[in-house]
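Each of the next two complexes has subunit A plus one more chain, namely subunit B in the first and subunit C in the second.
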Partner chain A sequence: MEDLKKENDLLEDILARFDVEGQVQRERRIWVKASEENLTSICKFLKEMGFEHLSAISVTDWLEEEELELTYHLWSYDERVLLTIKTRISRENPVIPSVSPIWDRSAQVHEREMHEMFGVKFEGNNDMAPLFLEDWNGPPPFRKDFDWREYVKKEYYSKDNEREAVYYE
Partner chain B sequence: MNDKVVVESISKNEYELFFGPAHPGSGNFSVKLKVDGEKIISARADPGYLHRGFEKLMEYRLPIQNAVLSDRLCVLEALNWNLAHAEAVDELMGTEIPERARYIRVIMAELSRIQSHIIWFGAFSIGTGFDTGFKMAFGYRDYILDLFEMITGGRVYPTGYICPGGVRRDLPDGSKEKILRVLDKVDKMVKLEVMENPAMVARTEGIGILKLSDAIRLGATGPVLRASGMKTDVRKDDPYEVYDRFDFEVPVRNEGDAYARYMIGIEEIKQSISIIKQTLNNIPDGDFIAKKFEKPKLNIKIPEGEVYVRNEISRGEAGIYMVSDGGGKPYRVKIRGPSFLHMISVLEFLLEGTQIADVPAIYWSLNICPADLDR
Partner chain C sequence: MKKESPKKKKMKKIIKAIWIFNWFNSCGFAELIPVVGSRWDMERFGMIVTGTPRHADVLFIAGYQTPKSIRKAQRVYEQMPEPKVVIALGSCTMTGGMYWDSYNTIKRLEDYLPVTMYIPGCPPRPEAIFEACAKIFKHVKEMS
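Presenting the complex of A and B:
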């Protein structure tokens, strides 16, 4: 039997303060769905509650819904719980307030990567220089509608090249 | 304000220096240093030389292929990444892993941690000009690679040995004796305790001090965080596999300098040896892979859902966030490597204000791997 009292108490505490949805997935795992508007306030609250470690920021591209889903994975060294906040923003105009005032440099670097790979703009984060891709002018490469196979064929391969012609058959 | 302008205009010694990517002591990674004479004014990490786009590649492949791909996340600890990937798929699919497989997974992960720490010591030594340490470390590491070859078939890349459902093969006959003999050899190497070399101590003590508040703010994890005084270990705090059944210590030091970081590594090797011995004494008989995965099938579907798996690998916290929309391939995989923050935010912070001669000592004390940074 798993004892989920700690997790349920934490979640209730959050639900009482904010207008969000949440669930306890298993021991030490809580998932919370927040809207873009109360993201900053909920993050501030969680940081004060002891979620000091921002483990990762990720983006999932939901092509059919035309939305980008941001996930913030937070770990609390005291409570020993991983809490994930999920927020959806529009795919056309992906702008969201930065959490770097809250988690400082660690958030700043994670946001920089997500900006490069998914084209999300983080308002308030002033260093968005590319990390991995050099001289890249194409669309954000980790989005679902970017097909790298097609891109490579178009940009770098040639039908006339004997070895590469096979890719056009 | 005026003073500053004057100083800048008369300083003729200011220049930019590249540490890497073709530097023998940097790996496939570079740091741009702004230097005034010998003093570093600012540092800017420049990653990307090993970027292969794993997160995207995994969206195009089945878990059985991704298990092989996950080796390549980090050359130096392929089995630990194997394990993290397999756990993510297992949790999404709700697979019951046989007990024996869980024990074998722990043995392999800990052996991998030991050899990764040994490489750390080797790289640290060569970076600071201590060739004997480098050669000794790589010599002893080969014993562990021999074990990997015997068990998985590959010396460096196990090609998906730890796969969704369990492990690919059972331990061969006589493994226990062979593993114990190798552990004795590693124990001997640790006892030779090369860090007592006065030159090494002088190069590392008091260098690159990271305070606990800074470590948390910059997102440090693993040995780097523990050397700054935080007692935390994913194996203890967020146990996975069967780690909660074993008795081991989490080494902590308060100095936060390069020497403390490395000594944490030495302590962790000793703890890993103890874990492997406990595992070998308690390993149950039975299956080594769940029935469903015994024969590799291509039509296995991952149920809809999402998980975030955390593992303690030798460098720190590894995370895999996997989303499935119910198809055979993961919809999105996010890989969180520990070096991502160690090599960008922590390294930039530590290098500022130090001397050029201290760069390798600080750089290698962070136990970094450009491969899991760039992915």
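Presenting the complex of A and C:
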């Protein structure tokens, strides 16, 4: 039998303070679903709780539901717990407060990447310059409605080129 | 016997070995390693890999190039002394290879660098690389 006391105590602490959904999946693994509004406050609270390592921010594109899901992976060195916060924002107007005032540079670079790949705007992050793509003029490439074949045909290939005409057939 | 021009004599003295600078992305590097190793041993043919483009005669480009990496490749090319040769290895450099529909890779290398020779294959066989280098030796001798 796994002893989940540490995890359950942590989750109870969070649920007592914020209006969020949470779940202890297994040992050292907690999931929290937060809304856009209380993301900043819950992040601040978790940082003080000892979740000082932001390992990654990722984005999932839910095309049918017209939402972008942001996932923040946090690690606590004291508790040895991985806590994941999920937040959904609208796909049309993807704006979310930045967590870079809380985790500083480790958040900054992840947000910069997600801004480039998914077009999410992080309010409060002061450097959103392109990270990987150079001279990019297309839509954010990791979005599901981005048709990269059409883009490649338009940008790289030519119908008149003998060896490339086959792509247009 | 036909008398050789002084220029040709001089070139013959210079052309003892060709020095190669490698610019490899992705699997291109792993694919050329057998050529350097003891089995195919390119040094017996007078080909040496150098660490700096400023000493290189030949630029080997392998693997896909991205819009970001191609600029660095162009800078490497500009640093090489004349006369210089660019050899592109593998199908990635010709058409993008398996990245033919990627939004972020170069499809035609000749748009960015003056490619002297393409070696087809995914990857090219070491023998194909030797043949290409034999052609360079021949080309240089004809040039002089």
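Assume the second predicted complex is superposed on the first by the 168 of 169 C-alpha atoms of A that agree within 3 Å, B and C clash if a C-alpha of one lies under 4 Å from a C-alpha of the other, contacts with A are read in each partner's own complex, and residues count from 1 in each chain.
Following the convention adopted for this analysis, a residue touches a chain if its C-beta (ideal position, glycine included) is under 8 Å from a C-beta of that chain, and two chains touch if they have at least 3 such contacts.
Because the structure is a prediction, the values reported are computed rather than measured.
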Review point. For A:Phe18, is the partner it touches subunit B (first), subunit C (second), both, or none of the two (neither)?
Key: neither
Exercise for review: For A:Phe45, select first, second, both or neither according to whether it touches subunit B, subunit C, the two together, or no partner.
Suggested key: neither
Practice item. Name the contact category of A:Arg163: first (subunit B only), second (subunit C only), both, or neither. Key: second
Check your understanding: If you stack the two complexes on chain A, which partner ends up touching A:Tyr151: first (subunit B), second (subunit C), both, or neither?
Key -> second
Exercise for review: Check whether A:Asp61 is in contact with subunit B, with subunit C, with both or with neither, and answer first, second, both or neither.
Suggested key: first
Exercise for review: Have a look at where A:Ser106 lands relative to subunit B and subunit C in the superposition and call it first, second, both or neither.
Suggested key: first
Review point. Looking at the overlay, does A:Asp135 come into contact with subunit B only (first), subunit C only (second), both, or neither?
Key: second
Point to revise | Footprint overlap on subunit A, comparing subunit B with subunit C | key: 132-134, 141, 148
Point to revise | List of subunit A residues in touch with subunit B within their complex | key: 25, 28-29, 31, 52-56, 58, 60-61, 71, 73, 75, 77, 80, 82, 84, 103-106, 108-110, 113, 117, 130-134, 141-142, 148
Check your understanding: Mind pulling up the subunit B residues that touch subunit A in the complex?
Key -> 47-48, 51, 53, 55-56, 216-219, 221, 230, 232, 237-238, 306-308, 310, 317, 319, 321, 323, 331-332, 334, 336, 340-341, 344-345, 349, 374
Review point. Given the complex with subunit A, which residues does subunit C contribute to the contact?
Key: 67-68, 71, 95-96, 100-104, 107-108
Exercise for review: Could you pull out which subunit A residues touch subunit C in their complex?
Suggested key: 132-135, 138, 141, 146, 148-149, 151-152, 155-157, 163-164, 167
